[in-house]
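What follows is chain A paired twice: with chain B in the first complex and chain C in the second.
Let's turn to the complex of A and B:
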C-alpha cells in the first residue's frame, strides 16, 4: 500500500447560501491549493462528490468544474455520493501508482428544495419512494426500534442533542413537540449549505507540502441492504465491518468525528465502532447541528485531519454515511507522525 | 438459489413492462451573486458582463467565475445591445411553448461588441439563407412594460444593416485575431 496523507482542507457551512455552487467552491478550492503551494496543473487527479437531486439539475457537477479551472484539461472524476467516497476514489487512484497528488471536494445546497422530500427519492422506486416517506419519518422507524428494544433511552438521545448543541438542556429537549414521534426536532439534523475541499498527497510528496501530514492508515467503506425491510434497523453491520477493516480499535483513538445526523444514529455508530456510549470531549458529531448533504462525510475527514495538524490528536477516526438509515458507511483512520 | 415460482394466478400473464410513479419536487433557486446583479440590470434593459481578473476577458452572461482559471470575477462592465453572429444553426425542430416561431428558425451564437464569449439566442427578421458568420445584429427587446428579470427580455436578434465583420475576426476566431494584433503591437 502507498501511504497517502491529507495535507490541506478548507470548508464553509451556512444555513442558507446565496452563492452558486461555483461561487461557493472557488474560494475553498483556491485556498487548499494555495495553502500547499500547488496549482491545478500540479494536481494529478481531481474528484468530487455532489448530488443532482439537491441542485435540481442534471449533470450539475459538470458546471461546478468551473470552480476548478480545468484548463488545460484535467484528469477528473465524480461520485454521486458524499465527498468521503470521492476521497476514497482518489485514494484508490493514488494506490495505482501513477498519481501523487489529488484534489477532492464536495458540496451540497439543500436549501433550494425540501430536503425531507428530496431524500425520499433515494428509496426503492417501486415499493417505497412512491409513498413519499419523508426522511425524518423513516428515521423515526429506526428510533422506535432502538427505544422499544432497549438499545437506548429518550434521556440518552436528549444527552446527544444537548451535546451537539441542538438544545441547551433536557428541559428544552423535552419541551419540544414530536415532529416524527419518537423524534423531536433536536433529534434531527439541522441542514446547512456548504462545501469542503481537501488535498491528498502520497509519501515523499506529502512531507514537502505539510509539516504534519495526516496519514491515512486505514480506510474502508461498506454497504448494508437497500431495502430496510430486510435489515435489523437497530444495527449497522456496515459500520462495524468498515471500522474493523480500517483498524479503528487497533490503537487508542484521540479524536472521533462521527457523521451522525440523528441522535439515534449516534447510538448505532458508537456501538458498531466500539466507542463508549458516553462520548468524551474528543468525540464529535457535528452533523446534528449542521448537516451538509454530500459534504458532511468529507468534512469529518477534514476535521479529523485538522485535529492532527493542530496537534490535538495523534490518531483520529472519521466516519461518513450516505443513503438512508446508515445504509452506506465509510471509516477512515488518520495518524500523525512518520508515514 | 431456489427457482422462483410464480403464483398460479400470475402464470401466463403479460409481464409488467413499465410502471409509472410520478414524482414532483419543488425548488426555490437563488441565481447566485453574479447572476443576481445581471438579472437586476437586465430588468432595466442593461446587459452586464464579468471581467476576468486574469486577462481582462469579457464574459457574458456573467457567472461570477472565469471557468478557464477557476477564479472569481467580481468586476462588471456594461455591454452594448449589438454584436455579430459568431456561428449559427438553421433549426427545423420547434421549441416547446414557442408556437410563435416559424420553422425553420436560426439559433445563433451572438457575440456582443466588446465581449470575448458568445451566448445562444434567436436570430429573426432574416431569411435563413441570408444568415452568415460575421453578420451584424441588434437586440429586439420586449415592450418596456413586459421587461422583467428574465432571460426572455430579448425576443430575438435581427440584422442591423451594418457591414459584416471579417470572418477571421468573428466569434472565437476573434481571440486569435486579437492575440496576433497584440503581439504585432
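Let's turn to the complex of A and C:
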C-alpha cells in the first residue's frame, strides 16, 4: 500500500447561502491549493461529490468544475455521494501508482428546497418512495426501536443534543414537542449549505507540502441491506465492518469525528465502532447542528485531519454516512508522525 | 411582424424512458391489483416481504413467491400529525414498519387511526384495500387496527 496523507483542507458552512455552488467553491478550492502552494496543473487527480437530486439538474457537477478550472484538461471524476467517497476514489487512484496528488471536494446547497422531502426520492422507487416518507419520520422508526428495545434512553439522546449545541440543557430539550415521535427537533439535523475541499498527497510529496501530514492508515466503506424491514435497525453491521477493516480499535483514539446527523445515529455508531458512549473529547463540529448533504462526511475527515495538524491528536477516526437509517458507512483512520 | 408574442414551450421534468418491473416486483404489484400480498422464500425458508429478486444477505437469486397473510404486527411507528405536501395521505396517521403474518421482514406503510393515543408497538393490524387498484403500492390504503385483538 502507498502511504497517502491529507495535507490541507478548507471548508465553509452557513444556514442559507446566497452564492451559487460555483461561487461557494471557488474560494475554498483556491484556498486549499494555495495553502500547499499547488496550482491545478500540479494536481494529478480531481474528484468531487455532490447531488443532482438536490440541484434538480442532471450532471450539475459539471458546472462546478468551473471553480476548479478544467483547462488545460484535467483528470477528473465525480461521485453522486458524500465527498468522503470521492476521497476514497482518489485514495484508490493514488494506490494505482501513477498519481501523487489529488484534489477532493464536495458540496451541497439544500436551502432552496425541502431536503427533508427531497431525500425520499433516494428510497426504493416501488415500495417506499411513492409513500413520500420524510427523512425525520424514517429516522423516528429507528429511534423508537432503540428506545423501546432498551438500547438507549431519552436522557442519553438529550446529552448528545446538548453536546452538539442543539439545546443548552436537558430542560430545553424536554420542552420541545415531538417533531417525529419520539424525536424532537434537537434530535434531528439542522441543515446547512456548504462545501469542503481537501488535498491528498503520497509519501515523499506529502512531507514537502505539510509539516505534519495526517496519514490515512486505514479506510473502508460498506453498505447494509437496501430494504428497511430486512435489517435489525438497532444495528449497523456496515459501520462495524468498516471500522474493523480500517483498524479503529488497533490503538487508542484521541479524536472521533462522527457523521451522526441524528442523536440516535450517535448511539449506534459509537456502539458499532467500539467507542465509549460518553466521550471526553469534543468533536470540532457536529452534523446534528449543521448537516450538509454530500459534504458532512468529507468535513469529518477534514476536521480529524485538522486535529492532527494542530497537534491536538495523534490518532483520529472520521466516519461518514449516507441514508437516514445509516445504510451506508465509511470509516477512515488518520495518524500523525512518520508514515 | 405585428405581434410581439413571446415564444414559449412547456418544460416537463421527467425520465423519458420506462422500464419493466421484472418477474418479482412485477408479480408483487400485479398481486396488489388483485388484493393479494406476495412475498418470496429465501433458501432458509424465511419469507421476504416485500419481495426482492435476490437475497439481501447472500445475493442468491430468489424465485419462489408465496402468498402471505393480510394481518400483521406493528414493529415500530411514528406519528404524522400534518402530512407533507407530497404524502398520499391527507389526514393525520402513523407511519409504521409492519410485519405481516407468514413473513420474516417488514413493510413501510401507514396505520390509519385518528389519534396517536391509539398507537402502540405490537398492535395487530389488517390490510385496508382501495376499491380502485392499479398495481401500485398505494393500492393499499393503509392498515387498520384489528378490534379487540389487544397487543
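Keep in mind that, in the parts below, the second predicted complex is superposed on the first by the 334 of 339 C-alpha atoms of A that agree within 3 Å, B and C clash if a C-alpha of one lies under 4 Å from a C-alpha of the other, contacts with A are read in each partner's own complex, and residues count from 1 in each chain.
Keep this in mind: contacts are C-beta pairs under 8 Å (C-beta built on N, C-alpha and C of every residue); 3 or more make two chains touch, one makes a residue touch a chain.
In this text the structure is predicted, and so the values were computed from the model without any measurement.
Visitor: Return first, second, both or neither, reflecting whether A:141 touches chain B, chain C, both chains, or no partner chain.
Guide: second
Visitor: With the two structures laid over each other on chain A, which partner does A:59 touch: chain B (first), chain C (second), both, or neither?
Guide: A:59 sits against neither chain B nor chain C.
Visitor: Going by the contact rule set out at the top, does A:174 touch chain B (first), chain C (second), both, or neither?
Guide: neither
Visitor: Taking the superposition on A as described, I'd like to know which of chain B and chain C A:229 touches: first, second, both or neither.
Guide: The answer is second: A:229 touches chain C but not chain B.
Visitor: Could you tell me if A:67 is touching chain B, chain C, both of them or neither one (first, second, both, neither)?
Guide: Only chain B is touched by A:67; chain C is not.
Visitor: Go through the superposed model and pick first if A:133 touches only chain B, second if only chain C, both, or neither.
Guide: The second partner, chain C, only.
Visitor: Just to be sure I follow: which residues of chain A are touched by chain B in one complex and then by chain C in the other one?
Guide: 56, 117, 126, 130
Visitor: Quick check on the complex: what are the chain B residues that touch chain A?
Guide: Where chain B meets chain A, its residues are 19, 21, 23, 25-36, 63-72.
Visitor: Once bound in the complex, which stretches of chain A touch chain C?
Guide: Spelled out, the residues of chain A in touch with chain C are 56, 116-117, 120, 126-128, 130-134, 137, 140-142, 144-145, 148, 178, 180-183, 225-230, 233.
Visitor: Touching chain A in the complex: which residues of chain C?
Guide: Per the touch definition, chain C meets chain A at residues 13, 21, 25, 29, 48-50, 52, 56-57, 75-80, 84-88, 95-97, 99, 105-110, 116, 121, 136-138.
Visitor: How about chain A: which of its residues touch chain B in the complex?
Guide: 18-20, 22-23, 26-27, 29-30, 40, 53, 56, 65-71, 112-114, 117-118, 121, 125-126, 129-130
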